[in-house]
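Take a look at the structures listed below.
The two complexes that follow have chain A in common; it is paired with chain B in the first and with chain C in the second.
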Partner chain A sequence: MLPILSTVGMSFWQEKLSLKPWTDLLFDTPIFYRMFWNSVFYAFVIVILELCIAVPCAFGLVTAKMRGKKIIFMIYLILMMMPLQVTLLPNYIGLRDMGLINTRMGIILPMIFSAFGIIIMHQYMMNLDEAQIEAARLETSSVLKVLIYVVVAQMKTCIIATAVFIFAECFNMLEQPMLFLKDERLKNLTVFIMNASDYEGKVLFPASVIFLIPVLILYLYFNETLEKGIKL
Partner chain B sequence: MRVKKSLLFFTLIFWFSMIFLTFFSRSLHNYMLNQVEIYQPKMRMFSLKGNDTEEEVKQKCYAIPSWMGEHDLYVAETREKNGEERIFARSIQVELGKKEGLFYPIMSKDYFGEPLILRSDSVLSDGEEIYVKNWR
Partner chain C sequence: MNKKRGKMRLSWNRKCCICMLPAIMGTLIFSLIPFFRVLYYSMINNQFEKSFALISNYRRVLENEYFRIAFKNSIMLILICVPILVVLAIVISLILVFGKMKQKGIQISFILPMVIPTASIAVIWRQFFSDIENIFPVYLLFIWKNIGICIILLTAVFASVDKEIFEAAYMEGAGPMKIHLHMTLPISAPTIFFTVLLSIVNSFRIFKESYLYYGTNYPPDYGYTLQYYMNNHFLKLNYQNLSVSAVFNTLFAGMIIAVGLIFIRRFQR
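The block that comes next holds the complex of A and B.
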């Protein structure tokens, strides 16, 4: 808590108690807004797309009767354990070959296939009542209906918790925009904070305070859901 | 419940402020700057005395209105600040010739016709960011 309080305190300090750092940031640094909304955009899009991929993927891994399910899950686990820096270069090469370097898609695409969401969903789905899913399957032949009306309906807390974690991860991402993006207008708030000394005025601390707020709001809203959601 | 309501209120305030400032921070910033009008000096023909002789020679020089010659002169120049082009006032010292009619000729060789600040809402200082009302 102390670093947060000190960041808030420092944001009102410029040789003496002053609002100057805030006015410098809010009125004199227009690129800040672009980067802030870029962060929000990346985080929202990635959360939605990653959940759309992770839920059916985990459902398939849990319910499908096929060989190699455990191996696939193991690969996902290994992927999740890998440090981000290890996958950055292969991702860069792939994106470069697809012509997606310096595009928003270049940031979104590798993130939506992250293993984190799939693993969390998979572990939660393992605890679901299998009989209920079987019963639903007898009612309808549509797997999608079973997924939406039976599985997703029971997994709301897990989905919300995962969404909050993914949002926080994407909102805080730094390496990907620094490596995959060259255009300043596509970069996110983390890069702004990283390069705050390039801007005139003492904008680092007020920018850090604003940077804290969206994730803090999400946490305060969903703190109970988060606790329940991560109980696997 | 009370905490949730306060949190909702704070959330709404935060997001509305961010949306509002995204669209209007530039206008608010311009409003807070010193509002100035600029004048683009034009070349005029002046009768000037030669360096070595007393003979008068006709020469084209940048001309400024005589009342401007009695005050400190500032030029408006663009410079990059925080990733975008902004306009700043820069104090200049120019050598003025003999007044002819309503104009002074600018004799300085280091003046290249930059726009001069004609009037401002408040006292200008060197290097101050300004908002030019009649910038083209």
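The block that comes next holds the complex of A and C.
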């Protein structure tokens, strides 16, 4: 808690107690708004798309009977543990060949296929209630319906917990926008804070405070869900 | 009509397999296939001539002074930080689970550092430690950031340890220290190993914290890790050096992960 409070404190300080850093940021640094919305936009889009990809994949990994399933799981496990700097280069080359460098898609696409969501969802789905799936299969033969009405309904808490973690991670990303984007207007708030000294005034601390807000809201709002989610 | 339906529909199992397809396609396109290009780049001398230069490429990178400093610092981080982190996490978890304190709410408060954006924290860290000229602020940042997940993992397994065996040991006069050292910890060994592995893996990721803390591409020598090396070559887009260090990093990380996973498997039996 202490670091957060002192960040808030520092944001009202410029030689003496003042609102100057805040006015500098909010009125004289228009690019800040753009980057803030970029951060929020990237995080939201990635959370939603990543869940749409990871939940079915984890479901497949748990229920399907096929050879090589273990190998796929191992590959994801290793991919999840790889340092970011290692995965960035293949991502960069893949994006470059598709001409997606310096576009929003270039940030979003590699992130939504990240192994983190798949592994976490897989761990949660290990204790999925199979009887319910069997029962649902008598009603419908559509995997999609089973997924939505049974799996997602059962896993709500876990999915929300995962979503919060993915959101926090995306909100926090620095290397991808720094390396994949050239256009300032596409970058996110982390880059802004990194380069805060380039802008007029002491905008660093107020920017950090605003940066904390979305994640703190999510954290406080989903506090109980998170607590349940991590205990499973 | 029934007949027609039967023909049109895929089997349930097939459909479950298809569920995995989008994710696997994405991973192939963005990670696995490009990785083979990385391997290829690490073997040629440059994009235009494309002649085979595996050995000289690797020698150039591995003999580079900065690469060596970076490698040494990365190892130091693992050797110093990870043990401190794990021991601290074990002690806190033991107190949380077996201590008399009310633990509700405390556990969740350790998640906060995990979700808080690093940028905001690194900024305040810089203020606190502005005159300390060694690596410890970064180590502290690492521990602060990662202790939450360790405690969550450990409290979960400690809480599931059967309480009855403690009572038996207690009857025979064993103190709490002894009980935990000889019973709780061995029982939870797989999870503890997993925590160690996870911390090592996370130590590869300290880059962002350290980068925001120093605020530069060229930190002092003691703070220069492998990730800085790669990042700086990324900015220069030197594909050969970059590919070599990516392959090297992959092997290094892959080795640790493989050994760790095998170790955990062993212990689970």
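Just so we're on the same page, the second predicted complex is superposed on the first by the 231 of 232 C-alpha atoms of A that agree within 3 Å, B and C clash if a C-alpha of one lies under 4 Å from a C-alpha of the other, contacts with A are read in each partner's own complex, and residues count from 1 in each chain.
The criterion applied here is as follows: a contact is a pair of C-beta atoms (placed from the backbone, for glycine too) under 8 Å apart; a residue touches a chain by one contact, two chains touch by 3 or more.
Since the model is a prediction, treat every value here as computed from it, not as a measurement.
Undergrad: Once both complexes are superposed via chain A, do chain B and chain C end up clashing or fitting?
TA: In the superposition, chain B and chain C stay clear of each other.
Undergrad: Tell me which touches more residues of chain A here: chain C or chain B.
TA: The partner making contact with more of chain A's residues is C.
Undergrad: Between chain B (first) and chain C (second), which, if any, makes contact with A:Trp37: first, second, both or neither?
TA: Touch partner of A:Trp37: chain B, not chain C.
Undergrad: Once the structures are superposed on A, label A:Pro90 by its partner contacts, choosing first (chain B), second (chain C), both or neither.
TA: Touch partner of A:Pro90: chain C, not chain B.
Undergrad: Does the superposition put A:Met126 against chain B (first), chain C (second), both, or neither?
TA: A:Met126 contacts neither chain B nor chain C.
Undergrad: After superposition on the shared chain, which partner residues are touched by A:Ile48: those of chain B (first), chain C (second), both, or neither?
TA: A:Ile48 contacts neither chain B nor chain C.
Undergrad: Given the overlay on chain A, how many degrees, to the nearest 10, lie between chain B and chain C at the CA centre of chain A?
TA: The C-alpha centres give an angle of about 120 degrees at chain A.
Undergrad: In the overlay, answer first, second, both or neither for which of chain B and chain C A:Tyr221 touches.
TA: The answer is first: A:Tyr221 touches chain B but not chain C.
Undergrad: After superposition on the shared chain, which partner residues are touched by A:Met194: those of chain B (first), chain C (second), both, or neither?
TA: second
Undergrad: Closest Cα approach between chain B and chain C after superposing, in Å?
TA: Superposition on chain A places chain B and chain C at a least C-alpha distance of 15 Å.
Undergrad: In their complex, what parts of chain A are in touch with chain C?
TA: 1, 3-4, 6-7, 10, 53-54, 56-57, 59-61, 63-66, 72, 75-79, 81-95, 97, 109-110, 112-113, 115, 118, 137, 141, 143, 147, 164-165, 168, 171-172, 174-175, 179, 189-190, 193-194, 197, 204-205, 208-209, 211-212, 215-216, 218-219, 223, 226-227, 230-231
Undergrad: In the complex, go through chain B and note every residue touching chain A.
TA: Interface residues on chain B, with respect to chain A: 7, 10-11, 14, 18, 21-22, 25-26, 28-29, 32, 81-84.
Undergrad: Spell out the part of chain A that touches chain B in their complex, as residue ranges.
TA: Residues of chain A touching chain B: 26-31, 33, 36-37, 184, 199-201, 210, 213, 217, 220-221.
Undergrad: Can you tell me which positions in chain C touch chain A when the two form their complex?
TA: Result: residues 9, 12-13, 15-20, 22-24, 26-27, 29-35, 37-38, 107-108, 111-112, 114-121, 123-125, 127-128, 152, 156, 197-198, 201, 204-205, 207-208, 211-212, 215, 226-227, 230-231, 234-235, 242-243, 246, 249-250, 253-254, 257-258, 261 of chain C touch chain A.
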